[in-house]
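Read through the structures below before going on.
Shared between the two complexes below is chain A, which has chain B as its partner in the first and chain C in the second.
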Partner chain A sequence: MATTTAAVTLTSDLLSDNMSVSATTTCMKAGTTADGLDGMEYGYLDLVTGDEYDLIGATPTASKASKLYLKNHSTDETYFIAITQNAQAIGKLYGGDWMFIPADFHDAAGDIAITANGGTNKICYALFHEGITLVTT
Partner chain B sequence: MPTTTATITLSSADLLSDELALSTTMTLTKTTTSTGVEDTTGLNRKKITSTAKGTASGQITLYTADDFAAIPYLYIKNLETTVGNRIYVYDDTTSGDPTQFQLDAGDWGFIPMHGDKTYKAYATTNPTSIEFMVTGQDQ
Partner chain C sequence: MATTATVSISSDIAPGFGGISESMTLTQAGSLVDIDSTSGFQIRKLSAAAAVDLITMTAEIVEPKDSVAAKIYIRNIGYKGVIDKSVGVTIGVNAEPIGKLYGGDWMMMPLTCIDADDITADPSPSDDTVVLEYVMFYEEA
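And then the complex of A and B:
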């Protein structure tokens, strides 16, 4: 089995005492602690303005585990990408921001779609999954 | 100016033919500026006692619409250890309460949100422990 870990550390001096929060998870297939996600799709691309694009071209298998990492590598802090899932807005990534979400991208409508704003955005993404179905041409 | 950072590290020695080691850090800033955000809900740990979305009681409100100016950053973790004890995060502002994310035991997520929607959580099991924090700019 493949073992993939995702860790986050949040640090801040916002409060009276310094804050440091860390969390780590091993990316597992749905319903088990013994078998890790064994599929991965990775991309680094330019996202032009004007249209909404499906970030995930294939459909992860229904009711399976998926984890999505997405980062906006744009250096202009006014550029951003809008992110929707099943036509519902879920977030915005300005230049330099990243997100990590565990989700069930169960069908074509449930996939993640992205739109560039401000100019051509550079993005990097990684989808960890346990099986996908390619979309027919 | 306060400085708040979020670092993610993705790693695997055996998923690919070569080692996967991806790490990146972002500084949480006010929208379209390089000035750090100044407000946070602080770290919360609560028990979700609702196993349905909608009108049932026992759901946890993670964020209330327009509480912060865009972009509020949501950190969330499912503190359970039993596989299948899932947390569902849904958009309570939009008609139909669409589910946005689901976290199995041990899963965490980090989401820069739009800020104009209320997010709530319910779980498959009563009770389910959740940890969460929103950091951003109050308005």
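And then the complex of A and C:
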């Protein structure tokens, strides 16, 4: 079985006592305990301003247990990428920010789209999935 | 100390993949100033197959600023110490399903904090009892 683990440590001093949370998960196929995610896509690219782009070109199998990691590696903190899914704004990743989400890709409209702002943004992404449909030539 | 988040991902799916280890300091939009507000760390027990608001933007005591650098952490922590990988909760934004957190899974996601963009949690079709832990960090409006 392929094994993918994702761990997070979150700390904050915004509360009256320091908060520290750590969590680790093994990324399994949807609803299973015996079979891990077995596909992945990994990339590092420049994202130019002006247009909205689908981050994932092929279509991962819908409504499974895909996980998407995305980081904005821009060194200018004023640069950001705006993230949408199915025309719904999700949020913005400024230079240095990352996200890790379960990605449903519920149908053809469920692609995750990104738009660069401020200048050309450098991004790194990794999609862990359980099967994709390649786009025919 | 500020607010920081570190992610570490390892995988043997693809030969040669060296893993990912990255940290971020949560700052206000377009600046190096620390983010200044939080929902506080909370848990929510779900036991019915119906979508509920995990975060209702208009209900936050400190009003969040729209369309800046907010983030949310959510984890499915199971129920009474039992983490069940077969029990998933779909997390959504303004009724758009983002993805399903199975037992033990966590997510860190940017948010708009626009009034309509509430964060929803839906355990359907299962009505198994499951608990989510979550905390939102945002800028005060």
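By definition in this document, the second predicted complex is superposed on the first by the 136 of 137 C-alpha atoms of A that agree within 3 Å, B and C clash if a C-alpha of one lies under 4 Å from a C-alpha of the other, contacts with A are read in each partner's own complex, and residues count from 1 in each chain.
Methods note: a contact is a pair of C-beta atoms (placed from the backbone, for glycine too) under 8 Å apart; a residue touches a chain by one contact, two chains touch by 3 or more.
Since the structure is predicted, the reported quantities are computational estimates derived from the model, not experimental observations.
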Overlay on chain A: chain C relative to chain B, clash or fit: clash
Which of chain B and chain C A:18 touches, first, second, both or neither: second
Partner chain in contact with A:32 - chain B first, chain C second, else both or neither: both
Contacts of A:53 with chain B and chain C, given as first, second, both or neither: neither
Contacts of A:94 with chain B and chain C, given as first, second, both or neither: both
Touch count on chain A, higher of chain B and chain C: C
Overlap of the chain B and chain C footprints on chain A, listed as residue numbers: 2-15, 19, 21, 23, 25-26, 28, 30-33, 37-38, 40, 65, 69, 71, 77-78, 85-86, 88-94, 96-104, 126
Chain A-facing residues of chain B, complex: 2-16, 20, 22, 24, 26-27, 29, 31-34, 37-40, 42-43, 70-71, 75, 77, 83-84, 91, 94, 98, 100-104, 106-114, 117, 131, 133, 135
Interface residues, chain C side, partner chain A - complex: 1-14, 17, 20, 22, 24-27, 29-32, 35-38, 40-41, 67-71, 73, 75, 85-86, 88, 90-91, 93-94, 96-102, 104-112, 114, 117, 133, 135, 137
Chain A residues within the chain C interface of the complex: 2-15, 18-19, 21, 23-28, 30-33, 37-40, 42, 63, 65-67, 69, 71, 77-78, 80, 83, 85-86, 88-94, 96-104, 106, 110, 124, 126, 128
In the complex with chain B, residue positions of chain A that touch it: 2-15, 19, 21, 23, 25-26, 28, 30-33, 36-38, 40, 65, 69, 71, 77-78, 85-86, 88-94, 96-104, 126
